[in-house]
Each structure stands twice: as structure tokens, then as C-alpha cells.
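Below: a set of structures, written as C-alpha cells.
You will see chain A twice below: alongside chain B first, and alongside chain C after that.
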Partner chain A sequence: MGLLAILLAKTNQGTFLKRIVGKLPFCSVLCALVGLFLLLYLPVDGQFRKTYFSENALLPHQGQTFFRSSDWVVVNGIRDEIRSYEENGMPDFLKVGLTKNIFEQFDVKVYTHDWSHADGSFGGTNIYGIVRATRGTQNEAAVIAAPWTNMEGRFNEGGVAVLLGLARHFTKWTMLHKNLIFVIPSNSEVALRRWVDAYHTTLQHTAGNIEGAIVLDYASSSDKFQHIDIGFEGLNGQLPNLDLVNTAGHSAMSEFVDISILGSHISRAQSYSTRLHTLFRNIYQQAGAGIVNDYPSAMFSGWHIDAITLRAVEGNRNDITAFGRVCESTFRSINNLLEHFHQSFFFYLLLSPVSFVSIAQYLPSAILVAFSFSLMAFYTVFTVEKAAINSLALLKAIFAYSFLVLSFVGFGYFYAVENMELCLLFLATLSIAVIAIVRFGSDAKMMMRIVVSIILGVLLSTLATINFSLALVLGILLLPLAFVGPNMHDKLNSVLLMISNPVVVTTVVGGEAFGLLPGEFIDKMVEGYIELNSWTWLIVCAIYLPAWTAASCICI
Partner chain B sequence: MRLLLILLSYVGLRICLHVLFPNLWVSLSSFVELCTPISSFRSTKEGLYLFNQLSVSPYKGNIFQQSPLMIALFTIVPEQLHFLVFTFVDVFAAYNLASFASTNMSYSPSVVAASYLFNPFSLLSSLANSTNVIGNSCICASLGFLGKKKAAKSIFFFSLACVLMVYPFYLSFNYIILAAEWCNSRWYSVTFKFLFFICCFFTLAFIPFQSWKFLNSQFVSAIVMRDLSRPNIGLWWYFFIELFSEFRPFYTCVFQLYLVSLQVPLAIRFPKQKLFAFTLLVGFLATFKPYPELSDIGLYITMLLLNKPVFDLMHHKVYEILGFVYFAALSPAFYYLWISSGSGNANFFYAINLVYAATMIVLFSDHTWAAIRYEYDGGKDKTVTQI
Partner chain C sequence: MLVFILFQLACALYAENLDIKPLSNNELFSTFNFTMQQAISPIPPIEYSIFPRSLGEILQSTMTSELHIRFGHGVWDSDSWGALPQNGLITGGSGVEIWAFISAADQQHALRQWNQLVNQLSGYFCASMGFADETVVTFPSMQAMAPRGGNMNTILMRASLPAEPVCTENLTPFLKLLPCRNKAGLSTMLSGNRVFASKWQTMSVDVFPFEEELRLEQIVSLVSDVKRNFTDPLPYPELETDLDCDSYRGDGACFPVKKSEVAFNLTTIFGYFERDLCILGDAKIKVDLPVGWTVNNDTKYESILDETIPELEFVSNGKASFDNLPPPFIVDRSFSGYGMQNGGVRVVITNNRPYPINVRYLESWPHFVKLFMHTLSLGGNGTIVNKTYLPSLNKNSAFLELELEIVDSIVLEFEFEKSLLLLEEYPPDANHGFEISPALTILKDGDYVYEDRTPSMLLPLPVPDFSMPYNVVILTSTVMGLAFGTIYNLLVRDVVPLSQVPVHSENLLQKVLKKIK
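Moving on, here comes the complex of A and B:
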């Protein structure tokens, strides 16, 4: 320690430290670039691992699957039936009643659940049937769900038909350890979300803890499909256990069905570019969860449920019963579980159906992006004249920034719940904070710059542990702010503030990534918060908006 | 004047928050950083309900592990005013620290009071109604009366803190020599008064339920860490949930031995800086006791300000503050990943506890270095790097 101190004292006297400090902005850019480069490096051979099963009890596809030709007849019949409901434009209550009848014909106990939107208006009716386990303790369950309309809003006739076929199939099956719940929600997003919430809070007829959920999406009238696409991203950065995704993939491959991940390439054709594409699909889905294009399995997030979506992609290669068999086999693996999924990874990016990178390999890239903010904070600390660093200015900056964050969060929250009076109140406190920061002295502005950089570094790295992709995307979008400050060149400041401007960002991100106009994009985020309890909107309000506002205020 | 303003603004803030969000404490007390099973106001309420509504001894079962004096206090005070108790003890503590500060080489009284009331750690724990705040306030009061050279009152409050919180007992050795020095009295007279007050308070604690059961429920469970229902920011819980029960007595002894290992050496090494030794021990116990929580850290950080020359000589403050900032952000995040989302596990949360403990250890060594540096030449020579 003494030696180190002497060394430090020596470097302090010389120009060594100064030279390092002068290089810090460059290091900061480098840090962010290395972070992004790491991401591109992940799909290179040798960087990722092959998927494997950690949980021995799963025994994926160890038994003969039985959902075959006799069930084909049933599925076909049911499909014709429900197609006639849809084609005749039958009102919902009639459709629900008739579907209940089908369940009852198979001796499945069936119930309904009326759901409403967050504002209290009636939304629709979900149907769910429970097949009780013939063995076991009745306190665990698995869910198979098929929404009436899929994530693109198309009529999910194959999915519902296979679900009903499976319901008939499993009532005759004697080896159920877990109760089996069949859910037909009226749509793939809010309706399913409300059902999951209600199952854990208000529903009268329940069947125990849900250990796993499979959502079926087969939105075509054809008997044949090309391959199965697996969707797994949850809301707020949650992922199902990797074992569940593997089980579904393994079951499909054992049925000679090709699989793809999140609408990317099928398992057989793999190269660097396909893996990279799949990697970006992971990030896109995770960061955009709760906005648009959510796989319905995301609706199970937040209740300790591992859920995946099986999506049939149109084509001519496999028979519809193969879709049912994959579901049957996956369910039977869940049925084999002795304890909740816990063995395998909960943090991963899948590069193909059979290869993944775990958190230790991909987390550094988001952390490095976050760290570039911390480096710029150090740079400011070291370059500011010693006289400017006083604790009063620092306290002022900390107080003003916390006030700004609180105002933005309050504004965002009350905007979302449509309480306009309080929303305006917070808008008023917001403008007070803005005026206060604009009128700060130069030392307080400098301190503000340090506070903003440090807080961004801390919050982005914290967010990276919960929602890697959102932290990465926010980090990249906010990166220009790290180099904005009262002591920087004016032109540089204005360019950097322009490209990280909320209006520009919502236009570009909303337009390019989701194909939405800026207004729609914000509405979708708010809707995701209100209806689905996805936090993206609040995170934007708490991290992005205050940081940009503070950064632009200190430049004036 | 400025002190009065600070105290009044704190009272105003508390009343505003109570009026606007009457259930704020319930949501805050679900943070394991702010409340432990032995200091949670929820369990106090549970005890109150058992005692007042059901007329059952609150020490039946393992729900209530606090002092009978708590029950007495919150029974006397009507329920609507419970939040005022916490406001009052905070203001009392801040006032006493400020009055101690005015008699000592310290930062100005108003800075000390503001640091105690408004630093996020103690403010949040107090808003979470952690009953630990009451004990901390007693320690502050004992310091305040030390400053006024009123030995008896000071010892009164210190023994009250011991009976309320158990762990101040571990400070008693250093407190006695500190009090003897400040009040110019003999150590045995201080010891005698201390023991006398302790006996009084134990008798007082005996009266409400006419039983000594609280000794088991309060003292023994605080020492052997009996209640493992919630994790906390300390280093104990992780060991004790993993251990086979045969090994628990052994590890309890080892961990407790660690807690009592510093008192005498510190007193011997720093005979001239008894306040420093006392302050360091407050922080040390706050980090390594079985049920640590952030209110103790708030107290420790404020007590650092009471010794301005030493505080000014500490030279890693930036890193320590950054450590606390990262801890404050990551700890709830990892707790969420473990408990709420189920994606993480206990190791996540414990890793952050280790970060916290490491930050505290850096802070302790920095603090000790500053004290030694002060002892050496008062910090005059800037080039000294090794002593």
C-alpha cells in the first residue's frame, strides 16, 4: 500500500496523469466501440456454446408421441367448426358458448373469465378448461394457450383447433402429474395478460402454480406448415429458462420439424450472418417488449412462469398433427419436472436454436457502453479547476437532478394513467427544475455534468442486469450526451444534442424499428405500461428524458 | 437559527409525506435494506395487536423480537401519531448531535443535523419506520449529553440504547472510557451508573408482561440470528441459510468473536482519540452484526462529521461514495431478480452485499488511516504517504 502510494505521488507530480486524463474522451469512445464490437464478435465460431439440458428430470422426447391420425380427424373437424364461427361473423358470446360445448364434449371442466381494459371498459371473454392430474398433488399446473387471434391479428384457427384436439387427447391420458390448463384468450396480448393476472389474484377455479406455458400460434387454414418458430422473450427483460426453449426445440427436431428462433433462420442453415441476425432479433424483441410484436408468451411474465410460443410458419413440409406432437412432447417434459425450472440459464442470447451465449459473455458489451459515461465523468472531475469543485455546487446539482427525475417520472406516470391535473402539476415542477438548472453558475453546471454522467453510468449498468437489450439500446442512444458539456465546443454540443434529441430518437427508432409514427410509438409505450405492465415507458421517463434535459440545460 | 430551520423543514417534510402517502412506510419496509426482522415496524404492529387486541404475550412464537419497551411506547402513543414518534426521535437525535458538534472540533451543528436527517440512508429507513432509528436516537442523545458534560443523562440514554437494540452493548467498553474522559469522572463510577441503569431498564422491560421471555426473544435471537425469514445487507444470513444446524453454534461463536475483537485493541492503540474509536466501532458493528441495516450507516456517516480534522484527512471519499451509489442501485435490482422475477438466485444479492461490505471496509481503513495521520502530525505535511 505504501509503495503504491509513493508511486501515485510520483505520477501525480509528473505529467503522466495529465496525459492519461487527456486521453479519457478517446478511451470513452473506444470503450463504447469495443462494447459494440464484442456484440459482433459473439457469433464467431468458438465464442458461443451448444445448448444442452441441465435438468435431468425433463427427459425430452423420451416417450412415443401419440397425437396422430385419429387426432387429425378431430382437429380437422374442430377446425371446420370454429372456422364456420368466424366466417359467419358470430358474436363473441355465442362463439364462447359453442367453444365451451366442445370442451364439455371432451369431459373437460370449462370456465370463462370476463376481462376488461385498464380503463374499465369491457374487453372480452376468455375460455379456460382444466384437466385434473390423475396422479400428483394437484398443486402444480402447466398451461397450453391459443389466442383466437395471433400476434398479427390473424385468426388463429389451427392453434385453437390443435389446442382443443390436445384437450381431448390428454383427458384420455393417465400419466398426468400436473394439472393441465387450456386457455383460449380472446386476443394474444391484453386478454391473455388479464387472464394470467386474474389466475393469480381473483379467479375462482384454479389448478395450482403454473410451472410452464406453451402458446400455440397456427394462423393458417392449411393442413401443412413449413417449420416451427419459437418465441420466448418476456416483458421487462425476463426470459424463460433455457431448458424449456431447448425442450421445445429438441421435441421439434425429434419430430423432424425444423425450428427457427424469433422469426430468424431455421436450424439447419447456420453461418455467421444468420447467427448475427438471430442475435439482433433477440435484442430487438427484448428491448421492444411491451411495445409491438410481442409473442403471446410474454404475457406470462412476472409470475415466475416459464413460457414459450410455438408458431407455425406457412409452407408445405409438415402435417398439422406434427405441430400438436411437438406441443404434446414439450408438455410431457414439463409434466416430468419434479421442481420448478431452475437448473439452466435465465440470462442468454440464442444465436440459433442450438447455440447460445450466456450472460458472462454478452453482459460486458452493455456494461462497457455504460462505463463510457463513467469515464467521461472522471474526465470532467480531473479537468475542472480545483476551485470549481465545491460541495455546495455538487449538492445543488444532485438535488436539481433528483428533482428533475422525480418530475419526469411523475409526469410520465400521471400521463399514462390519464390524470391530467397532476400531469400538469408535474409539468410545472419540471419547468421550475429546468429554469433552475439553466440559471446555475458555471461550477454548478460542471457538477451537473458529472452527476449526469455518473448517474447514467450507474443506472444503465443496473438496467443491464435486468434488461440487457434495453440498457444497450438506451446506452447507444444516450451516448452522445456523454460528450456534451459547458466546456465543450458549441457546435459539437448542438450536433450531439440534436442526434440524441427525444423527437429525433422517437421518430427514428419508432419509424425504423417498429414502423410507427412518433405519436403512435409513445402511445404504444404508454399502453404497454398501462395494459401489460411493461416498464419501458417509465424507464424512458426516469433515465432518458431527464438526462437529455439536464444535458441541454447545462449547455445554454 | 439555521439548525432550527433544518429541524423544522424535516418535521414539515415528514408531515407532508405522511399526509400525501400514509402508506409509504409499508412499501418502504418491504426493502430488505431498510428493515430487518428485528427492527421492522410491521412486526411491532403484530406484537401490538397480539398484546392489545388478543391479550396474548407478543413473545409467543417468533414474530416479535423487539424490546417490551417498544410495545409500551407504541401502546401509550395513539396509533395516528406513531409516525410522529419517528419524526420526534429523529429530530431529537439531530438536535443532540448538533449540540455535541458545537462542543467539539466538528463541522457546524447545522451541517451535522442536516446530514443525519437528510442523508438518504437514514431518511429512507426512518420513513420505513425502522424501530432501529429509536435506538440510534438514544446513542445520539448520549453523545449530546456527553458534550454538555452531563454524565448521568448520557449514560441513561446509552443504556436505553443497549436495552432497545442489543448491539450497543458491544460499544459499552469504549463508551465507558469515552464518557469517563469527557465528564472527568472515574471509569468505575461510569460503569456503576451504566450497570445501574441497565438493571433499571431490564426491570422496566420486565414489568409489561411480567416475564423474562423477552431476553430469549430479543437478545438471544439477535445474537444467534434465529430469524432467517428475510435476507439483509449483512454477511451473516447467507452462511446461516446454507449451514447444517450442527455447525451453527460454532459459526455463531466465530462471527461473534469477530464482533468483540476490536474494542480493546482500538482503545489501546488510540488512547487519545476515543471518539474516533467509538465512531469506528459504530460503523464496524453496523456492517458486521447479524441484522445490519442502512439507518446504522446513516448514523456512522454523520458521526464521521463530528471529527472534522480526521474527516478532512480521509482521501478516498469519491470511491466510497461511488461504492455506495452502485450498491444503492444494484442491491434492489438484484433482490428483484432473485425474489420477484425468479431469474437470479441468492448469490446475486449476496454479491452486492459483498460489494457493500468491501466499500465499508475501504471506508474503515480510510478512516483509520486518517486517524493515524492526524495523530502523527495533524495532517500538516502533505507529502507523507507512509507512517
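Moving on, here comes the complex of A and C:
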């Protein structure tokens, strides 16, 4: 207390505060830089932890795996069969009928689910079979899914064959506790998402709560694969429990199959640069979830389901039944669970298949970036003339900004649902808001600058706790706006506004990160919102667009 | 003495029945029915002969005139197997279900009797029936579940424990009720590892007055997977030569085809068993054969056994055809809704009959599920004739009974809110979710009664982080510490303007030096 009293006394004398305030823009830049540096520092030895199992009941790979020898022959036979459907260019309804028939050969109850796009047009038919657990209460289930085409649109030949082989294999089991649902959606994104939605709303034949899901992706006609790549990022910043990712990794390593995370490096070769690369892969996948390149396991997001994707990478180290055994072993661990996944971490970044950083270690970097906005808000508060700070101007600024945000969100929403009349209406209210802000007096403009900075700081740090990567990326993209204001240099203003311009950002980010043209990039975000219920588009409309518009208006 | 025992036995009746029916997909349905009946004098002391004395005394002491217990697991696949055996009257939902008709002055009295009854049965059947206390028990109407003995002057109470795992330890006391235990008779065919490896299984115990006598019916029904009985219980990969392949496939590839119907006998299904009969009653085996099947080279088999249980050889010509009667209606119940706070239920009842049917739909909900009856909506083609809803009071279960008229199919939907429990109310495996009892649907059409139970459901509740109390203690202490420091400082310190601060006073060393001087 003594220290605080002295500090207060010193600031009252006036020198201390002035000195600090003068340094605030510098502190703000420093804050953002430290945030980014912290991120780079995470993969350094000693900063991350080795993964471990929190849930004792999982017992990963504690038993002998049985999917081998004659199952290889069966998988081969099934693969020849489904390959012939694809090579003969069979129409979808025939393919569905014949695949259903394969399930029926093993006495698996099989059902279909017709799905449609958000606009109501027919999309396709998903097939799913249910293997009932002999010993169990019939109200818990696990899902094994293999989309007919994988995330790159290639025919998922091995995946579907292994899935059917496993369906046959698990009918022989008498000691299962959880029901098993085998799903073959017609594609890896919307079709699977619709099935998951339907399972929880309208499907008549269900098998209990889904406790975990494994998606198989083996899009090659070869009998051999090099290693397994594990995909786990969900939509809207959701991640499966770290225990599930560990279980899959441990099962694979016990079968002598190498693993990698999100298409990065395999577990055996690790260095600072590979860990950094994997870290950026995590951020890339999480921030870009629901836009493009989603692992199919992301489609289970939002229903309290932990899901991962197992992806076979081409090569010739392991044979196809090893892929099936990894899936078998992972499912058996899920089957062992007495409770829903809850023990381990739900927020983490994986640096390699066996090392991770938890939220407490990585969150500061996004928060520091967000804090640099707050610092600039303080700077503005302390530097404007006392006369400019009046409650009327502040109210004007808050009201105008809320109006702007609402207009953008309304515009974004109705643009997405293709309701053009309401979309135009919100465009009109948007222009009213813009004109109003441009015509503001200098004190209101100053207040607007404070409001924008404070709101950005608060929103970005809140978003960081839910979706770290998106908050970090938005924070970096919006950072120039922290230094834009009517009291700043005109040239600096125009340069900063240019860098953070939506056109520039969509072109650069869409082109560099996803290889998409700006128009396509926006379409994909909108599609993600409409078809997959990913919030990225609305977040962009609610945070990024109003902030940039307000910042540019006050500089005019 | 011997004469007396023989006289007693003459007044009693004991019968054993086994019904067997092959189903499609290499499955076999079998029902073991054990019936005991005995005159009971209304004035104590009661002489027991066939009827188990231990059970009789429990019923006597709790004034229970009728008792029905069901143990069940698995899901009945009505698409392939048709209607439930005996119109579903012997079937239980998953877990344990128990209902009784108790003679009592009022509900309070009945509840006391009930608590005594379930606690005694709990030890008796090695099942946690003691948990069927006043928070779980419901009072359905007698229109829905009429007493089989016809004594309407009683109070009906029903409870189900869906989380109860049914296993061998429940079968053993079940068999001990039989006069020959499982030492002789058809009951020797019931071994735990075979019964509980079945795809669907139910055990029932019914005690009720019947023609002035007391009758005990014990039934075990199961659907076994015939193929599994030929292989190791561990799913080792079969030999390549044992695979059933499509004939067009070449080397190293086998497109598996449906396994043809395999021949089997009683030993392959039930394992080795004693072939002696129980001398206390008649035993009868009846086989209901579909077209294409033979037993011991005959197309039908029905026999009252005389000396031993014969071996029955079941052979199919591979072209068997099954015609199972479909159930009169099908019920599907599932959760809808998104997130941890709110939820919804969706019930679809499909009428398989060409004319409208009238069913009663009964379900009970634990107190932490707050049902919103105003959200109850009815879709499809049908009406709600009658609605009884007893909301949850005092941590009791809420009870819903609907009488529905269904033309072809209806969709019932309603919403609920999940509430947080008190910390000590959470079970040790709180993250498992909470089991919701199966819903019971009853169709009554004149004398025809059909019952169907949905599978239980698992409701995930919001669960607190159980390490939270610890964190809260730490945080609170820190905040308290900080606040205390500040306030203490303000209270104890003198606040003096800077100008009035006394000019630099002497330090300790100077004071000491002064003293010395």
C-alpha cells in the first residue's frame, strides 16, 4: 500500500503521468510486438509440455488389436467393389443402394439420410449403419465416418473400404459398451454437417448420445500409406479434448505408424522450426475454420462431440489394415470411457504430436495485441484537450458506433441469407451512419476514436478466450487502426488505413492464405456461415468492418 | 410327513416352458417360462411349498398384493423380429423396472410400504432397487396398468432405474426362486455368459393373485446371435478359408457376402447343460419353425418332456422365409436442442394399423429437468385425448401421462430447462450424464394389450468444475487480503497534507548517539 500511495502522490504532482502518457504509443507498439514474440518463443525447449493422458479410463491401446490378416482380404474385396462403382461412373442413387447392400451383407442395420443445401436444393444421400453394443445401455454411441469424397474432393477409396471392413469386424464383438455408428456422407463438408444436425433433430433411427467421432480419410488406391496425419480443429475455435488426440496418436505409435499434426512434420523429427511450423498450422486451421480446407471432423462441432480426422499420407511404410487398427484401437478407448471426455484440455495448441502448450501459455500473446488498442485509447483520453471530453460527444460516438455495427451485422446477415431487400435497407442505414460520422465535430470524432479503440480492445480479448487464432489474426490485421485518428499525421493515417483496407486485406489474406480471389474468399466465408454455422463472417461484419469504416470516417 | 409334503405339492402347480423360434440373420429367439402357483391361506401361518417362502414373506409384510419386476438390456429390432414377444407384457426397458399394487390407507402409507418393499428386494435380487425411493416413484393410473389379479382396491406405484446394469448377479437370485434352482430342468440351460452375450434380453418376475391362488411367473427371453456361439468370444480374424466370399473374387481379395443360415443345436446356443428334468412339474418345449427350417428332420416340434431334455438339431435349407407380425405401433424418442442449458424431446409414434389407435404414453422426468408443458406441440395426424401432468415437487420426479389418438403417425415435442444440482447431489461420475427412464406406451384394444418401451436416454447436465471450491477459496482469500490491507492502512494511518509533514526526524542511530552524549 505504501508503494501505491507514493505513486499516487507522484502522479498528483503531474510529472509522472505526463511522462508515461507520452510513451503510450510506443508502449502500444511494444505490447503488440511482445505478444507476437511470445508466440515465437512458445516452441523453444522448456516452454511447452509433453502430452499426457488425464483420463485413466481411456486405457489407450491396452489390448491386442484384431483388425488384421483376413480382414486385409476383406478390405481388398470391398475396395475392388466400391472402386468399380466409381470407375463405372455410377449414378449416386445406385451407388447408395449398392453400398447399403454391402452393410446388409454383414447384418448391420443400415439407413439413409437425404440432405439438402441451406437454400432447400437436394444435396445428396448419406448412408449410416448402426452396430448395437451387446453390453451397454444403448444410449451412448461413437461414430466412425468416411466421406465418399475427401476434403480435397478426391474419392476416399481406402477410407470407405476400411470403414466397411471395420463395420464387419465389429459385428463379431460381444463386449462393446457403446453403440457404433458408421457414416458414409456423400461429401466431407456440408453432407456430414447436415447428417450431424439431422442426428440431433430429425433422424428417426438413432443410437444414443455421440461421445466421440473418428473420420477416416484414405484417398488413395494404394494398399500402402506412409504415416497418419491427425486433424482436429473444429469450427468457431472449438477443439476436441486433448485426450482424444493423444489417444489416436498413442494408438498409432503403438502400431508403429508415424503421426503428424495438421499436415505438418512427423513426430520423430522435431526441432524449433518444425514446432513453429506446426504452431502456425494450428493457428491457420483454427482461424480459417469454416472457410476452406476444413478437416471433416470439424463438422461435428457444436454438439458436444469430440471428433478427429485420421488421414493417410501416401507412401509405402504401412499397410491399409494398420490404418484400420489405429481406428479400432481409438474407438475401443472411447468405448472404455465411463464419462464424457472432460478431464484433459479443451484449449491448446499442439506443437508436435507429443507436445502442446495450454491456454495459459499462449493466451497472453492475443491479449497483448488486443491490449495495444486499449493503450491507444488511454493515450487519446489523456492527450485531448479537457474541453473536448464531454458526455454529449461521447454519447454521440457510442450511439453512432452501435448503429454502424448493427447496420453491418444486418447487412452481413441478410447478404448471407440472400434477402436482398433487407440487405439494401441495411446498406441504406449504413450510409446514414457513415455520413453522420463524417459530419461529426472534432470533439465527437475524437470520442469516436476512443470508442473504437476501447471496443476493439474489449472485443478482441473476449474473442481470444473463445477463438484464439481468429482474435490474433484480426488483431494483427486491425493493428494499424490503433494509430489512426484525426489528431495524427494525415500521411500516416492514409498509409495505415490503406494497409488495413478491407479490399487489400481480402485480396492479400484470401490470396496468400487460401489461394482464393477476393470474391471467392467472401463467398466461402458466407457459405461457411450458412451451410456450416461458422461465425467467422458475422465476426468480420461485427468487428472488422465497422472499426475500419469508423476509423476512416473520422479521418476525413 | 411325506404324505403331508405330497399333499402340499398336490395343491401347488409348477410348469416349465421353452419356446424357440429361429429369426432371420442367424438369430434365435427363445423364451423360458417358469410358472408356480399355490393356494395361500389368508390366515397365518402360511404354508409354502413351491412358492418361494422368502419372497412370499416380503410381499406379506409389505401388504403387496401384486409385484412386477423387469430386468432388461438391448434393443428389440422390430424391423426384423416383428412385434415384441407376448405383446411386450413381459418386456422391460433397459435397466430395472418395478411396479407393485400395495394395499394401504393412503399414498403416504403406501410409500412407506413401498420403501420397505424395494429395500428388501434390493438385497434379494442383487440390484440397487433401494434407489427407487420417493424421488423416482410414480403413480400411474389404473387405466394404463390394470392389476392382473383384478384387485382394484390398491395403490399402484411404479419406478424404473435405467442406469442399473443387468448382469449375471441378477440371474443367480432369479434362478434361486425356482423349486429346482438351476440344478435340474430347463433352467440349467441358462448360464450367465450365454444369456448376457445375447443381442436382446429380458427377465421378468410377476407375482399376482390368480383364481384364489398366488401365482409367480418368471420369464427369461433372449435373442442370441447364432454365429457368435461358434467362434471365440474374442474377435480373432477368421481363417481366410472360413470367409464367405462372392465367387467372382480372385486371390487376396474377398467381397464378403451374407453368411448362409447355419445349422445348430441346443448345446451350441446354451452351452453344456444337465439334461435331467425337475421332478416337481411338467416341462414342455415348443419350437416355432419358419418355412425352410427343420428340427430333428421334422418341420414342427412340440413335446412334453418325460425323462431328459432332448438334443434338438436345427437345420435350414437356406431358403427360409420369415413372416413376423409387425408391432401395432413404433415409438422413437430422442433429444433435440442445442447447448447445455436448454433441451427438447421429440417423440414419434407411428401407427402400423390401417385404422386409428388409442394409446397411453407414460414417462417420468427427474426433478432437475424442468419441463415446459406450454411448449408441448403435436404434429402429424392425431390428437391428445387426455393429459395428466404432475410437476416435480420436493425433488420428486415429474410424471406425464398422455392419452393419444393416432391416425398414422404423430410427433410430440416439448422443451425443458436443465437446472444445476447442489454440489453434493452430483454422483461421482457426473460427466457420464444422467439416465432418463424409458417411456412406456400402452395400447389397449378390447382384450388386446400391447406395451412398448423406448430405450433410456442419457442427458448431459452442466457440471461444475469440482476443483472450483478450492479456487474460490484461494481467490476469495486474496481479495479479502488486499481489501483488508487497504482498509487497515486507511484506518491506522494519519492523513496529513504534504506541507505539514514534520521535517526529517532523527533516525534510530542518531537517537542512540544522543542518549550516549
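What we mean here is this: the second predicted complex is superposed on the first by the 547 of 556 C-alpha atoms of A that agree within 3 Å, B and C clash if a C-alpha of one lies under 4 Å from a C-alpha of the other, contacts with A are read in each partner's own complex, and residues count from 1 in each chain.
The rule is short, and it goes like this: a residue touches a chain if its C-beta (ideal position, glycine included) is under 8 Å from a C-beta of that chain, and two chains touch if they have at least 3 such contacts.
From a predicted model like this one, the values you see are computed outputs, not experimental measurements.
Chemist: Check the residue A:K109 against both partner chains and state whether it touches chain B (first), chain C (second), both, or neither.
Modeler: second
Chemist: Just chain B (first), just chain C (second), both, or neither: which does A:I454 touch?
Modeler: Only chain B is touched by A:I454; chain C is not.
Chemist: More residues of chain A are touched by which chain, chain B or chain C?
Modeler: C
Chemist: Regarding the shared-chain residue A:K50, is it in contact with chain B (first), chain C (second), both, or neither?
Modeler: Neither partner.
Chemist: Quick check on the superposed pair: does A:M175 touch chain B, chain C, both, or neither? Answer first, second, both or neither.
Modeler: The answer is second: A:M175 touches chain C but not chain B.
Chemist: First (chain B), second (chain C), both or neither: which does A:F66 touch?
Modeler: Touch status of A:F66: second partner only.
Chemist: Would you sort A:T137 into first (chain B), second (chain C), both or neither based on which partner it touches?
Modeler: Second partner only, chain C.
Chemist: Tell me the contact category for A:T465 with respect to chain B and chain C: first, second, both or neither.
Modeler: Only chain B; A:T465 stays clear of chain C.
Chemist: Is A:K491 touching anything from chain B or chain C once the two structures are fitted on A? First, second, both or neither.
Modeler: neither
Chemist: Per the definitions at the top, what is the overlap between the chain A residues touching chain B and those touching chain C?
Modeler: Shared contact residues on chain A (touching chain B in one complex, chain C in the other): 1, 5, 9, 302, 304, 340, 342.
Chemist: Inside the complex, what are the residues of chain C that reach chain A?
Modeler: Within the complex, chain C contacts chain A at residues 25-26, 73-75, 77, 79, 94-95, 162-163, 165, 196-199, 228, 231, 233-240, 242-243, 245-246, 249, 252-259, 332, 334-338, 340, 346, 348, 429-433, 435, 455-458, 460, 463, 485-486, 489, 498.
Chemist: Which residues of chain B touch chain A once you look at their complex with the stated criterion?
Modeler: Interface residues on the chain B side: 318, 322, 325-326, 329-330, 333-334, 336-337, 340-345, 383, 385-386.
Chemist: Within the complex, which stretch of chain A touches chain C?
Modeler: 1, 5, 9, 66-71, 73-74, 76-81, 104-107, 109, 132, 134-140, 168-170, 172-175, 200-206, 208-209, 302-304, 338-340, 342
Chemist: Which of the residues in chain A come into contact with chain B in the complex?
Modeler: Against chain B, chain A makes touches at 1-2, 5-6, 8-9, 236, 238-239, 302, 304, 340, 342, 346-347, 381, 454, 458-459, 461-463, 465-466.
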